[in-house]
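In the two complexes that follow, chain A is the common piece, with chain B as its partner first and chain C second.
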Partner chain A sequence: MTFDILLQTLASGVLIGLIYALVAIGLTMIFGVMDIVNFAHGEFLMIGMYSSFWMFALFHLDPMLSLPLTALMLFAFGVLLYKLLIVRIVNAPMVSQIFTTFGLMILLRGLAQFFWKPDFRSIENSFVAGSFKLGQVQLGKPQLVAGIGAIVVTGLIYFFLTRTKLGAALEATAADKEAARLMGIDSHRMFALAWGIGAACAGVAGVLLSTFFPIFPEVGATFILIAFVVVNLGGFGSVTGAFWAGILVGVIEVMGGLLLGPEYKLAIVLVLFLGVLMWRPQGLLGKA
Partner chain B sequence: MKPTTSHPLPVARMSVAAVALAAALLLPLLVTNPSSLNLAILALMAAQIGVSWNIVGGYAGQVSLGHAAFYGVGAYTSTLLLMKFGVNPWFGMLAGGVMAAVMSIAFGWSCFRLRGHYFAMATIAVAELVQIFFTNWEYGGAAVGLNLPMDKEGWAWMNFATKLPYYWLALGLLVLTLLVNFAIERSFLGYYFRAIKDEPDAARSIGIDIARYKQVALAVSAFFTAVGGSFYAQKELYIDPGSVLSTSLSIKMALVSILGGVGTLSGPVLGAVVLTVIEEMTRAGLGGTGSGIDTILYAALIVVIAVFYPSGVVGSIRSAALRLSRRMRGLPADTGAAATAERSAP
Partner chain C sequence: MKTFANNFLVRAVLLGMGFGAATIAQAQPEVKIGVIYPLTGAAASSGAEMRDALELAVDIINNGAKSVPQLPFAAGGGLPNLKGAKIKLVFADHQGNPQVGATEAERLITQEKVSAVMGAYFSNVTATASMVAERYKVPFLNAESSSASLTQRGFKWFFRTTPHDDLFVRNQFEFLKDLKAKKGIDVKSIATFNENTLWGNETTKLQAKLVPENGYAMARQIVYPARSTQLTSEVQTLKAAAPTVVMQSSYLGDALLSMKTYKELGFSPDMILANDAGFSDTEFTKTLGKDADYIISREVWALDLAKNNPLIRQVNDLFMSRYKINFTGNSSRTFTGLMVLADAINRAGSTEPEAIRKALTETDIPASKLIMPWKGVKFDADGQNTLGQGILVQIMNGQNNTVWPFDVAAREVVWPMPKWDQRK
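Moving on, here comes the complex of A and B:
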């Protein structure tokens, strides 16, 4: 294996890893704030992809321009979902929580299949199409833009959580629900906010992905599995942890695919996942 | 804390079981049309794996979303033994069960250190790994799958040209699984499992080896799930990773129990009947698969049950019966007592 191939693999691993990170950040935020695993998270990504596709197909709006619209839409969707459904299972047994979001996952896939057909779709000739060479490394422009976009959004979320009052309230709720409530923070409002931001993150990841990845109703399936792994490695509820873990998983996946063949890409990530769950249940980057 | 599984009406319970068994025995006299009989077989199969899942998922409270791994191992073990070595499927079924029980040790070792959501996610990962393995295993047919031979027919080789023998066999397997489950429920194991589910810390403090008994529950559950997988292979005469190892199959096993009532003997059976009928109605009544309507209804049902009836059909009937008996005895109606007990379970 030459150095160039290694570099090339590393670059594509980091770029896809940034997308994984963005998907996982939404998931980890919801989990951190209210201890519910959202199995339908991959479907938020799927909806983001379709939103990008339809705005391009119907209004010739480039994915990079429709991105803020999709983010807003998904935010509203997340909040709505919380207010209509999730609010009823906040204190329900775990089985009910799992099956509520699981059912939601199948429901959203079914709706996508019904309204948008099970076909594979793609966005051709967006602003970001094409590729360029950086030394010996060939980089796709869509991937590069997606990676940069993911970094920007993660940065914004980090800023929001650490520098704004609302973000601090969200973090406080995640740390201790009861104490936060005593300080006058309405936990239901924080939960709704977490669902909104979580869905928006996944939606933005979907838009960024839509310029180079096929769009179909089941597209969320692989991403949710990987997002679980990332959330675990990063430590449940940790946004910065998820960011670094996402990059790590992206690199490991692409490297593993190169060494063992693409059919075992996911297997390597899953083995890593189980290994970490067993020996460091708090996550690779989480605090003990 | 109230026990999550109370048996307020033993006589009623026995008579319901007797009536259900009589109905199952008489059903083939009334239903002769092969497609309806097939539907009944599918319900029995779903019930059998649901009851198996419920041993670890319901009684011991370890919500596994990876049971398809055991089902697939059962199906593949008996099929490969038959195809490559000419081993009789009856023996193959047993071997599949044993194989799954052995595999459950590795499964449990990697997942049982985790609780709640973490456990559920780990089981998905394990099952996904097993599926990736079988999809790439050339000897085991890889992604193409395996076609079972049908040269030897009759009870000796568990291979039939008509549906009726499969019905009896599926019923037999379900009754067997239920009897084992019943025996467990009545023995010390039943109490240990419930203690592990409801009060793990208290159970540990009085000296129950939690890890060991979780493993026992999983092994028994895996064995019977695999038996169901072998039966599937013998009935369909074709298996591939998509049909016997998919995540949706794992979900179905859990769903059947949750729909009927987690941690109850009859819950998975009721759930299986309800779910099979709904699946069939949505599939037949709404222009078949592909459009997505059947999936949408199926999923909407899951959500409604999970949100509004967390204790399932059996739980809802039980709390209704309790309310009724209290009213008959002139006590104030304690609405939702059973539901509260179920809700407080972790």
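Moving on, here comes the complex of A and C:
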């Protein structure tokens, strides 16, 4: 087990962890602001991937160029979903909320398979294709760009939440819906905003992933499971928590797989996760 | 008077027509066959190909096909010994989930009242679904699952036309021996890289036995969780083990991901010996393009076998004209499976499960009536077809080329695989 291999694995772990983080940030935002677990979040990722694919296949638009377009589309889609569907279950019992988002997940997957067939698609020869060596470490360009993209988006979200008035309003609604209302902050607008941003985050993660991961209707399932672990680990509602937890999970998964055996990699992540939950149930950076 | 006569005549004619219609209806019963395949889920594209194959077979049997005169039932008109009864397929989607497969089998048997069941591609789903069929005493014909244990359960109602992994994996070792004998190519160490469902695990156990038995060093045995988001740690481990040959068993999603990771991390052994499945799917070569070249996979079928068997070219042309793709090892076996089942039901002359089961045990189909490179179809006491055979193909320019057995090879094998930076 040479140092090179360890360094290589660490780099790969951080890069995939950043993707996990980006997916989780959208999810944690929705939960933080309105206490709804969005089971269909993986499908936003899937739609983002397909959007990137179709723009590449039909209009020869590189994923890096179509990224802002996809982000805007997913934002609008998230807001639309809120206004048409989620607004009806905001005050419903949790079971109804779970059923709704779960049903949405199945609907979106089914529609994707119906319109785009179950075949695997992929984007080859995009602008960021290829790999390069940084010292002894071989990095895939798509993965590196995806990692950097995830950092940039997280930074933007963080900046939005902490430095802008609208962001403060969102945080206020997350902290105490009623008090925020009393201050004149319209909860429904904030919820719609949260859904829009959440969907856009997952969509951007999808675009970044589409440069190196196969695209198919069920791809959301693979990532949503890990996203849930990341959100729990980082603390429901905490964006910075989701960020660091995502990186942590990515590194543990890959390093653990290398050092203890690939068949255990998910088990290691989940054991650590159990440990954190027992010692600190609100997650690493969650509000107690 | 006239009115009375008219009335009587009209009623008599109507009555006669009624009886006639009833007799016609009775002379056209259907034979319902339940088919359980992954129509959604990660293997949905494989499932779609197999569904196409089934529909083609049923269409040939029910409506005939002039372009394939040597194929049984090509005259059309349904099953002759059942007075032209047409076959009706009742589809069920198992989504790649063994529990769903079992539930669907139960639904097909108890509610749809099918006379026989076919399925399910995934070995783990076939295992559970066929258990249900065994319990209800309904014949279950399996055409594509290769886990050896499926025909080691002492079942009476389970029949498998495809050869199983035991044979296929042994084929790979025979190939390596032939390589040494005929081309002087030496393999020092082998690493196994398999997914972790029933299929991958059984293959791993078998390879663990056969690698040392054949005198090779086992560099490393890696079992990875199917449907991972990334395979970095797995490929790193492989790289560290530095094997001459990697023997890999992956379904489509993992096959694609692993190849991309090999390229990204610059891992290129002398050869990748793949265990069919994902590597045989049309999507694999379509997605990877040139990166898929040089991989050798055990296969059950290849288009270039048509050189020695014109029936293969005829049936493939029919498939291509309809679905715009060639047969693969999967779809060709599914097609063959339905033809074998139809042959048995026809010989049984009845839709009673016990009669079909008995007819299946008496199956004896010669190689000339098959589109597979087999010696025929004949089931042993465990329901396994003993006349099956495998081949090895090498992917070149997106096409499968038969390279072994050397006497039916269409092309010389290229060994070793060029390194990634040497391919352009």
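Note that in this section the second predicted complex is superposed on the first by the 283 of 288 C-alpha atoms of A that agree within 3 Å, B and C clash if a C-alpha of one lies under 4 Å from a C-alpha of the other, contacts with A are read in each partner's own complex, and residues count from 1 in each chain.
Keep this in mind: contacts are C-beta pairs under 8 Å (C-beta built on N, C-alpha and C of every residue); 3 or more make two chains touch, one makes a residue touch a chain.
All of these numbers come straight from a predicted model, not from anything done at the bench.
Student: Identify whether chain B and chain C fit side by side or clash on chain A in the overlaid structures.
Tutor: After superposition on chain A, chain B vs chain C: clash.
Student: What is the contact status of A:L274 with respect to chain B (first) and chain C (second): first, second, both, or neither?
Tutor: first
Student: Return first, second, both or neither, reflecting whether A:Q113 touches chain B, chain C, both chains, or no partner chain.
Tutor: Once the two structures are laid over each other on A, A:Q113 reaches both partners.
Student: State whether A:L266 touches chain B only (first), chain C only (second), both chains, or neither.
Tutor: both
Student: Does the superposition put A:F102 against chain B (first), chain C (second), both, or neither?
Tutor: In the superposition, A:F102 touches chain B alone.
Student: Let me test your reading of the model: by the given contact rule, A:S12 touches which partner, first (chain B), second (chain C), both or neither?
Tutor: Second partner only, chain C.
Student: So chain A touches chain B in one structure and chain C in the other; where do those two contact lists coincide?
Tutor: 109-110, 113, 118, 217, 263, 266
Student: Please give the residue numbers of chain A that touch chain B in the complex, ascending.
Tutor: Where chain A meets chain B, its residues are 31, 35, 37, 85, 88-89, 91-100, 102-107, 109-114, 118, 217, 225, 228-229, 232, 263-264, 266-267, 270-271, 273-274, 277-278, 281.
Student: Would you pull the chain A residues touching chain C in the complex into a rising list?
Tutor: These residues of chain A touch chain C: 1, 5, 8-9, 12-13, 16, 109-110, 113, 117-122, 124, 131, 138, 140, 143, 212-214, 216-218, 221-223, 226, 253-258, 262-263, 265-266.
Student: Which residues of chain B touch chain A once you look at their complex with the stated criterion?
Tutor: Of all residues in chain B, those touching chain A are 63, 65, 110, 113-114, 116-118, 120-122, 124-126, 128-129, 132-133, 135-136, 251, 254-255, 258, 262, 290-296, 298-303, 305-308, 310, 342-343, 345-346.
Student: Contact residues on chain C for chain A in the complex?
Tutor: 40-42, 44-45, 47-48, 196, 222-225, 227-234, 236-237, 239-240, 252-253, 256-257, 260, 263-266, 283, 287, 289
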